[in-house]
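Have a look at these structures, which come just after this line.
Two complexes, one shared chain (chain A), two partners (chain B, chain C).
Then we have the complex of A and B:
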């Protein structure tokens, strides 16, 4: 059975390619971005930054990779083995090189010559922050607030241009007491709503769950929903349904606090939460709702984006 | 404690539940999540129960609530045809 949304995804993708906003790379979910696309995206990113800067977060910028051990420690491999990506590289001697050359010349599979490097691709921007904060020891009374922005990878090749394999996330990460987490989430639910409203986009904020793998994942997904640990700000991009999550609000409780042994001010385990903005998705939403020519967008929207 | 089904559940819980306190301190109606049964321990418990009773929980029972107490687990097992005397 074909996905009823498939032709709509393909049409929207082709329009973006036709207008030169995205650049085909021949792989589903991998795209180049044009200067015009990047100008809008940087406007979105700057607008998010402007909203969060009032809290004076600590800015951390990481490369799009983390240690494989960190990926393991986070529980990501247990929960999302289907989405994770790790980096492999050639690490042999002359004999192995000969085997590689042989495979290449015959057009055969050469992946056997690759070995794990100990580097994994970052699945979510916030993963860089937790071990850093944990290594500092007991949290101060104010907890920690970190602003991260990086490229992420998720292995979910799709023709939906809003489901890329490599994309950027701007996140604010809160680490502290349950009360600090609750305040953070309430604040950002409101901030995200008014930011997306100012961009002239239709939206709804709903309880959501992460795409946990397999049968056991159903328990985790149901449990996450029942406890309202995740909300998503959804915008219809390709069609009215399914809508696309452009912002997510995640309360991890003490999951990451335990995983990385982050010590709370009171000596217990710290709680964590993050709010993540999918900047490509918001850019695509703007292009869908206001048209492919940003110069023609409503003045108010252009003003928010600094265009 | 005489219910053989619940005795077997306790045996599974002891190894798979990773509870902070001993299973002896847990009543049949005690809230297991409150007793420290984390999401991941719930998953381990579910898998261990499936192995111990040679069953597969249907999708509708793959919820936190199913594993919220020994009573709840017994009820779920009964619902899918596991009998007391199966021990």
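Then we have the complex of A and C:
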């Protein structure tokens, strides 16, 4: 492994494992977390909550999965099929079970016994919220504001500890008019910058694009950038590698409004936006910049995190 | 639907939805939770933590998934293939993507595009802990005690709100000698009884068995009962239906010790046991017995939950 970024990722990962902050699970991008790691992460999550609570959002907490049909309807499968996870299970009888046991005992591939369950894994915390708001009918004048916090899955096994396959996102989701969306984004660009500054982390906010799949995807990504629909708050975590997106600001225009038929106050299609905080990534950035022992961190940072 | 249990499940579910405590996601057994539901659930979880913290367990927090190989090695796939969930994803190129887009636009089945990812869903909170403890080598004299809290998946879509497909378990896991296991189980049988009593819930603790699959499974289930290896703390939630297991006490003997080659202090195979609390189930039991408005609950119950 002579790629300097890969070596640096591996070194950082091994330090986190050595300090017992992350726990190896034998699969790239799946880690257990220690109690100490979780205390920092919960501090990060609570600090985000404290910033957003002034808006009195509606709190919704979704499980790590959504319906496969919902994933399909959201457009995620079209645009990010390589990242999406669907859940399969065994659905046979005693004879199929015997065949499964036989495969297991011989160490053979048993994936052929798995059938779709109708459940998929949540790709981003906000995906649960849109159909719920849509089902309530025409938006009130104030639109909707939802606070979500969910385990997400993306199929991208990596040695970069900041690119996990399973991780948590804290998001605020805004649904309303284009003017409400614009205000929401401006407000959160400022709030996120101020919060991450208070954590003593270096950062920059830049235009970005989602990792759309394939040839068609490159066109979508370019268009997203040209229209400045996505910004990321980037923190350098591993010096030898690209900076890590720790917060993202996404203006979906009427994409989800159309997908879910969310009716705006004026009878048109609602616009949506979200701000998503990667709480594991912020925790890793803190560990990288302030050291592996949170008790030794600057008093100001510990205060923000309630540590 | 004339089955009285089914009607009662449906009625209870509809009341929970009506009060906004659960949020429909369009799939049986998948629900969003309101902020109010989560405050109760977090109170339940914290109360369990307070009881167990006196033992100074090692805290491990695992994501909702584990490696498919780990699921296989644990024996879960053999015994509960119908409940286990495995994660699949698209792994094709641009041509396959075009075919996927075509299927999606025609509303056709696209499950054939999904390939195994090597990730499975966590069936019980303790499954992450065994390989970690095994990898550390021979147990110290005191054995190991681990506190876990994880989202679990079981493929059993149901209209019973207490039988979710995705739910959280708080567990203490004990790994050591048969004598240490026996003490652990006695201690937690008493602690759980006392905790659930303090929540003002009716209950009984009874011998139970796991839902092993198929014909072979019935033999395993009978043997488990005869040897009193599993107990459940049962609470009546829906009067017309069987009581709901809200806590389970499981003596695995040397099953996981052998599966993971966990070496006991004396060089033999370690025994393991766990006590698992279904925090959603306890929350639902509280809502059923004390009403849908936690602010109106008895002061003693609110005190235990920190509400």
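Definition applied: the second predicted complex is superposed on the first by the 302 of 307 C-alpha atoms of A that agree within 3 Å, B and C clash if a C-alpha of one lies under 4 Å from a C-alpha of the other, contacts with A are read in each partner's own complex, and residues count from 1 in each chain.
Convention: a residue touches a chain if its C-beta (ideal position, glycine included) is under 8 Å from a C-beta of that chain, and two chains touch if they have at least 3 such contacts.
Quick caveat, the model's predicted, so the values are computed rather than measured.
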Query: Touching A:78, do we find chain B (first), chain C (second), both, or neither?
result: both
- request: Would you check which partner chain A:215 touches, where first means chain B only, second means chain C only, and both and neither mean what they say?
  value: both
Query: Where does A:7 make contact in the superposed view: on chain B (first), on chain C (second), on both, or on neither?
result: neither
Chain B or chain C, by number of chain A residues touched: C
Query: Touching A:226 in the superposition: chain B (first), chain C (second), both, neither?
result: first
- request: Kindly classify A:119 by the partners it touches after superposition: chain B alone (first), chain C alone (second), both, or neither?
  value: second
Message: I'd like to know which partner A:194 touches here: chain B for first, chain C for second, both or neither.
response: neither
Shared chain A contacts, counted only where both chain B and chain C touch the same residue: 78, 215-216
- prompt: If you look only at chain C, which of its residues touch chain A in the complex?
  reply: 23-27, 30-35, 37-38, 58-67, 69-70, 72, 77-78, 81-94, 97, 100-101, 104, 110-111, 113-119, 121, 128, 131-132, 135, 147, 151, 153, 155, 157, 164-167, 213-216
- prompt: Considering the complex alone, what residue numbers of chain A touch chain B?
  reply: 75, 78, 215-216, 218-220, 222-223, 226-227, 255
- request: Note which residues of chain B are touching chain A in the complex, please.
  value: 39-40, 42-43, 46-47, 59, 62-65, 67
